[in-house]
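Each of the next two complexes has chain A plus one other chain: chain B in the first, chain C in the second.
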Partner chain A sequence: MVKMILWRSVYAVASLFVVSVIVFAATQALPGDAAVAKLGKNATPAALESFRQLYHLNDPLPTQYVNWLGNILQGRLGVSFATGFPVGSLIGDQVANSLVLIAATVVIAVPLAVVLGILTAIRRDRATDHISSVLMLVISALPEFVLGVALVLLFATNVSQVLPAVSPVDPSRSIFQQLDLIVLPTLTLVLLVLPYVVRTVRACMIEALESEYVTMARLKGMSERRVVLRHALPNMAGPTFQVVAQSLAYLAGGVVVVESVFQFPGIGQAFVSSVLSRDLPVIQAVAMLLAVFYVLVNLLADIGTVAMTPTMRGGTR
Partner chain B sequence: MTPPDDIAVATPASATTGTARKRNAAPPRKQQSADGVRAVLRRTLRLRGARVGLVLMLVVMAIAFLGPLFSPHDPTATIGSPYALPGGDTLLGTELLGRDVLSRFLHGGAVILLLSLLATVVGAGTGMLLGLVAGYRRGVRGELIMRSLDVVLSFPPLLLALLFMSLLGTSPLLVLLTVAISHVPYVARIVESSTLAVTGRGFVQYCEMIGVPRRRILTGEILPSIVAPLTVQFGLRLTYSISLIASLAYLGFGRQDPAVDWGMMISQNQSNVVGSPWPVLLPVLAITIVTVGANLLTDSFGRAVGVDLGREG
Partner chain C sequence: MGTDTDRYTGEYAVEVAGLTVDLERGAVNVVSDISFALAPGEILGLIGESGSGKTTVGSALLGHARAGTAITGGKIVVDGVDLLSLNRKELRRYRGRVISYVPQDPRASLNPAMRLGAQLQEALTVHGVASRQQRLARIRQVLDEVKLPSDDRFLRRYPHELSGGQQQRVVLALSFLCRPKVVVLDEPTTGLDVTTQAHVLRTVRELCRSHRTAAVYVSHDLAVVADLADRIAVMYSGRLVEVGAAEEVALRAAHPYSRALLDVVPDPHRRREIRTIRGRVAALHERPDGCVFADRCDFVEPECRRQPIGVVRIGDGHTALCRRTEALPVRAGQEEESTRVGGTPDDAVRTPGEVYLAVRDLRASYGGKEVLHGIDLTVPRGVVTALVGESGSGKTTLARCLGGLHDEATGEVSVDGRRLAFGAHERSAADRREVQYIFQNASEALNPRKTVGRSIEQPLRVLGGADGPLSQRVASLLADVALGSDAADKYPSQLSGGERQRVTIARALATAPTILICDEITSALDVSVQSAILLLLKRLCADSGLTMFFVTHNLAVVRAIADRVVVLNEGRIVEQGPVDHVLDRPQDPYTRQLLGDTPSLLHA
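Here is the complex of A and B:
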C-alpha cells in the first residue's frame, strides 16, 4: 500500500515534469516567434529585438526552460504581455471562481449520480432504467458547448426566461451573492459528468446484487432495503470514488469550454482568451495550473481507489 | 476488454489466406470463420439503436456533404440586414452580418465532419499500430511505447490542442493532428491488452513455432481477432473527434470568417439567440444528431459483438 502510494507519487512528479516540458515546448520553443506573435508582423526589427531581450527569448532553449521552471516553482508566474500586470494577481480571482464552479458541480452531481445509479440497477430492464440509459447515452455524446447552448435555449430564451444566459460575475462582490449566475454553468457540468458516474454505480450495483453474499443475505430473510444499503452499497465505494475522481479530472478540460459558453470569468475562459490574444505568460501559467490539477486528481483517484478497496489494499503494485 | 472467444470476428483476409494454417492450428476457432463480417453486421442492424443511429448519421452527413449543392445563396454574401426574420428571399432569415442562415448552415458541416473522420482514422490507425507492436513484442519495447503514450494522458485533450494553437496559429492540419494525437493512447491501450490476450493463445504460438514471419502473424492472425474492440474504439473516438473539433471551432480555432463551420456559426450568433434562434438552433441540432447517432451505432455494435464500451477520457 505504502509502496504503491510512493510509486504513484513518483510517477505523478515525473508526469508533471513532462507536462512542464510540453507546455514550455509548445509555447516558447516551437518555430513560431512569440515576439512576432505579440507585436504583429509589422513591428520594426528593433522593437522585436528589444522585446526578445526583455523576455530573454534569445537565450539558448535549455537556459530559458530552467529559468522558466525555476520562476514557476517559486510562484513567480511572470507578467502578462497583454495587460502588463503580474499573472498571479490577474488569474487569482478566476481560479477561485472556477473552484466554486467545480465544487458546486461535485456536490450536486455525486449524490445525484449515486442515487440514479442505484435506482436504475434495482429497476434493471424496466422503464426507469431504459429511459435513464437512453438519456445518459444522448448526454454523453454531446459536446460540452452544445449542451450549454441547449440549456441556454431552454432556460434563458422565449421557452422559459428564468435564468441569465451569460454569467458575467461582478468581481467587486462575492460570487456567493450572485449565485443565480452559476446555476446554468453548474447544471451543464453536472449533466456532463453524470453519465459516467451513473453508469459505473449501476454496473457495480448490478454486480453486487448478483453476488453470493447478497443472495445469502436475502436467504436469511433480510429486508431488501437493508440488503441494498448495508451489504451491496459499501462495495461500490472504490469504483465510485475512482470514477468521481476521473470526472473531476475531466472537469479540468470541461470548464474551459463551459466557461466560454457562459462567459463565466474563470480559469478556463482566461485560458481561451489568452490563447486568442497570444498572451504567453498567462497561457503557460494557466496550462500548468490545469495540468497540475489534472495530474493530482488522477493520482488521488488511484490512491483512493486502492485505499477503499479492501482486496487491493494488501497488494504491492 | 478482451473479446469473448465465442464472438470473435473474422475478416475476409483471415478467412481466405489463413484457412489452411488455421484449420491445423486451432480447431475450436473454426466457428469464427463462419461468423463473418456479414453476420456481425446483420446482428448489429437487428438492434433498433443501430438502425436509428445509422439513419441519424446518414441524414446529417447528407446535409453536410450534399447540402452545398442546394444552397440558395452564396454563404459569404451579405443579402439583407443583420438578423432579418425568415421570409421573402430567405427561408430562415439572416445572421449576425446579414448572410443567409440556411446557406451558411448547408456549407458549415463538411469541414467539421471531414476533419473528424480524418483525425479519427489517423489517430486510431497510429494507436492500433503502436498497440499491436507493444502488445505483441512486449518487453522493453512495449513498455517504452506504452509509457511514452501515457504522457499524452497527462493533459486534457482540449488543453493540449489549444496549447499548440497558441503559438502556431490555427490551421486545419494542426487541428487534425492535435485531435489525432489525443486518440492514440486510448486506442493503443485497448489494442495492446487485446493483443496480449490473443498472443498467448494456441493458434498464435503454433504459427510462431512453424516459423510464420512476425509481420504475417500480426496482420493475419492477431489483427482479425481484435477487429471487434478496435471497431468499437473507432466509433467512440469518432464521436469524440466531432465533439472536440466542433468545440475548437466554437472557441474560435476553426475556420475564420467569412468561411463558415457549425461551431463558429453558433458562437457568432449566440448573443442574439432570443431574437433569432435559427442560426444557433440549426447547427446545435445537427451536431447533436450526428454525435448521438454515432454513439448509438457504436453502442449497438459493441453489444452485438460483446465488447464492453469502457468509456474513458
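Here is the complex of A and C:
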C-alpha cells in the first residue's frame, strides 16, 4: 500500500513535469509578442528591447524554461506582464473563488449523486428509476452554457427573481459573505456532473446487488438495509472514487464556461483575460495550477480506491 | 409425495411437501411437487443435471426464489414452523439461524470488502448474539471444527487471501455458526480438486453427525453423494423422479433416469464402457405432459406420454416416478461389474506407438518462482496420455508450456522430432496448426460476440490450411463434434455448457492438428455431459489417429479415457505408466492418496 502510494506519487510528479514542458512550449508558441502586447504597437524598439531584457525574453528557451521551473518550484509564480503585480497576489482571490465554487459543487453533488444512484439501483425498473434516468439524460444532453442560461431564466429573470443573474463577486469582501452569488453557478455545475456520477453509482450498485455475496447475505437473514449498507456499499466505493475524481477534473474545465456565463471572477476569467493580453506568467501559472489540481485529484482517487478495495491492496501499482 | 412418513416416528428436522416454483410470467412451471422429510442428522443427496431444478429447490428451502421466479405452493416445515407462511421479516429470523445455505462458489459468496472476522461476527449479531465475547468463542469453536485457524490473525484476513478450499471452509463455518437444524449445500465442492473435495465432504459429514444437523446436498455427481448421503433424491425436469436410501438407489435404482445417471459416472477403480444419456434436458416451456423423461427413456411406451406419472412405491421409503419400473431389467450388481477390471475388449488399452511429443528437463516459473522442477516426459503417438495432479501441482503450467502459452521456461519440447519454441508467437504456422489447445472454461474461451461459425473459422483464416470453402469445412467440423450445422450461426450464449465445449473442440480440430492439449476440459461439466464429451474425444482419437494430452484432477476420468497416465505432484513427476497398471497398483503414496480421495460408486 505504502509502496503503491510512493509509486503513484512518482508518476504524478513525472506527469506534472511533462505538463510543465508542454505548458511552457505552448505559451511560447502563442501568436503575438508579449512586449508588443504590453507596450503597444507604437513602442520604440529600445523600449521593447528593455522590456525583453527585464523579463529575460531574449535568453535561449531552455534557459528560460529552467529558470521558470526553478521559480515555480520555489513558489515564485513571477510578475504579470500586464499589471506588473506578482502573479500570486493577482490570481489568488480568483483561485480561491473557483475553489469555493468547486468545493460547494462537490459537497452537494457527490452525496446527492450517491444517494440517487443507490435509490435508483434499489428501485431498478420502477417509476423512480425511469423518471431519474430520463431527467439525467436530458440534463447531460444540454451544454453547460445552456444549463446556466436556463437556470438564470428560471431563477433570476422572467419566472422568478430570487437570485442574482450574474455573480460579480466584490473582491473587498470575503466570498462567504456573498454566498447568494455562487448559488446559480454551483447549481449549474452540480447539474453538470450529476448525471455521470448517478449513472456510474447506479451501475456499480446494481452489480453489487446482483452479486452472490449479496444473495448470500440475504440467505443469512440480513435485513435489506444491512445488505445495502454493509455488503453492497463498500464494494462500490472504489468505482465511485474514480468517477468523482473524473467529474472533479471535468469541473476544473467546466468552471471556465460557467464562470463566463455568470461573469464570476474565478480562475476561468483570469485564464481568458491573461490569454487576451498575452500575459505569459499568468497563463503559465493558471495552466500549471489546473494541471496540479487534475493530477492531485486523480492521485487521491487512486489511493482512495485502493484503500477501499482489499483485493487491490498489497500490489505495487 | 408424503410417503416418507412411515420411515421415522420422531420429529423431522425438515419436512417439505408439494413445493412448487413457477416463473413469474407466463405460468411456466420450474419445479413441482417436491416432497421429502429428513430426520435430524440425516443427509439427503439431491441429484440432477443442469436444468433439473435442483438449485431452485435448494434456495427455495430457505424461502428464496431467484429473480423472475416465485414459490407458488407447498410447505417447508423447519423447527415446527412453515417457512412459506412467514412474512419477510419473520423469515429473516430463520434464515442463517435455523436453516442455512452453502453456495456453489465460495469466492463469489464471501464479501470481498469485509474481513473474515467481520463476516463471521455479523452472522451471529443479526441473530441476536449481542456479546462480542460469546460471538468470538463460538466463531473459534466452529473454525476449529472446520479445521481452519481461529486466531486473530486469521480473522483479520480478507477472503481473497485464502485458497479455494479454505474459502469453502469459511462458508461452511458461516453456515454452521448458529447451529442450524438444516443446512442446504449447493454443489459446494464443484470447483475444488478431489483432495480438497474429500476433506470438505468429510467435514460436512462430521458436522452433521456431531450437531444432529440435517443436510440437503445438491450435486450433479452421484459418486460424490453416494458416499456422503443417507438418502438420495434424483431430480429431472423439476420433479423428484426417485427418492430412497442411498444404498438402495445406488444398487437398485428403479427409475430409468437414475440408472442412466449411474451409468455415466466414471470410476477410478475400473474401466467402464463410456455411456451417455441420449437427448437433452427439455427447456422449461417444452416439458412434456406425461412422463418428463419419456423422450430420453429406453423403456418408454405410448401410455407413458398420456398423463403425468404418479408415485410408485418401490420399498420402504423408496419411491419412483415411473410406471415401468417392473419392466426394467434387473440391474447388474456393482460387485459383479467391478470384477471386470480392464473393461470391455473394445476399450482395451491400445499399444502406444513411437514417441510423438517429448519433454526434456522442463523447468517453468512464474515471476521467478519455479513451479516445474525438471520434467522429463514422453507422449506416444495416437493414444491419450493423461496428466493428473491437484491444483497447484503445476499441471496446467506444463500444459501451457506445451501449448505455447507460457514462455518463462527452459528445457526442451519437441514434436515428431522437431523442437518447439515456448511462446506460440515464435512457432511456425505449421507448428501451430499441429499443436492445438482446448481450455477448461468454454464460455470464456469463446468470443461472445462471434458466431460459432466465425470462431471455428478463425484458426483457418490465421493459420491457413483450409481446402475448399470455409463454410463447408465448418459444417463438417460441427458434424465431427456431433453438432448440427445450424449451430454455426448461433452465439455461444445460445448454447449449453456441453455444446460450447464441443465448439471449442471443433475449433481446435479446424487446422487438422496432430496433437490436442486438453486442459481440464470436462471438469466444469455435468457428469452426463462429461461422458458424452469423453466419448467424443475417444472416437476422434480412434478415427483420426490424434495424439491427446489430457490434463485433469480426476482419476475416474483418467480411467475412462486415457491409455497412459502421468502423475504430477508439486512440480515433479512421481509416477507414470499405462493407466490400468498405475491405477490398479499405484506405487507412489501420492497416487494412492489421490485414488483414495476420488469419489467412487464402489465405495458406497
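Definition applied: the second predicted complex is superposed on the first by the 302 of 317 C-alpha atoms of A that agree within 3 Å, B and C clash if a C-alpha of one lies under 4 Å from a C-alpha of the other, contacts with A are read in each partner's own complex, and residues count from 1 in each chain.
Quick note on the criterion: a residue touches a chain if its C-beta (ideal position, glycine included) is under 8 Å from a C-beta of that chain, and two chains touch if they have at least 3 such contacts.
Worth saying up front: this structure is predicted, and the values here are computed from it rather than measured.
Undergrad: Of the partners chain B and chain C, which touch A:201 in the superposed model: first, second, both, neither?
TA: A:201 sits against neither chain B nor chain C.
Undergrad: Using the superposition on chain A described above, determine whether A:109 touches chain B (first), chain C (second), both, or neither.
TA: After superposing on A, A:109 lies clear of both chain B and chain C.
Undergrad: If we overlay the two complexes on their shared chain A, which of chain B and chain C does A:189 touch? Say first, second, both or neither.
TA: Touch partners of A:189: none, neither chain B nor chain C.
Undergrad: Tell me which of chain B and chain C touches more residues of chain A.
TA: B
Undergrad: Using the touch definition from the top, say if A:220 reaches chain B (first), chain C (second), both or neither.
TA: second
Undergrad: A:211 in the overlay: touching chain B, chain C, both, or neither? Say first, second, both or neither.
TA: Touch status of A:211: second partner only.
Undergrad: Please work out whether A:270 is in contact with chain B alone, chain C alone, both, or neither, and reply first, second, both or neither.
TA: Neither: A:270 stays clear of chain B and chain C.
Undergrad: Common interface residues of chain A with chain B and chain C?
TA: Residues common to the chain A contacts of chain C and of chain B do not exist here, since the sets are disjoint.
Undergrad: Along chain A, where are the residues that touch chain B in the complex?
TA: For chain A paired with chain B, touching residues are 15-16, 18-19, 22-23, 26-28, 30-32, 34, 37, 137-138, 140-146, 149-150, 152-153, 156-158, 165, 196, 199, 246, 249-250, 252-253, 256-257, 260-261, 271-272, 274-276, 278, 280, 283, 287, 290-291, 294-295, 298.
Undergrad: Which of the residues in chain C end up touching chain A in this complex?
TA: Interface residues on the chain C side: 59, 62, 64, 92-97, 100-101, 103, 105, 108-115, 122-123, 126-127, 158, 160, 174.
Undergrad: For chain B, which residues count as touching chain A in their complex?
TA: 150-151, 154-160, 162-169, 239, 242-244, 246-247, 250-253, 263, 266-267, 270, 273-274, 277, 280-281, 284, 287-288, 291-292, 294-296, 299, 311-313
Undergrad: What residues of chain A sit close enough to touch chain C in their complex?
TA: Against chain C, chain A makes touches at 211-213, 215-223, 226, 230-231, 234-235, 237, 308-311.
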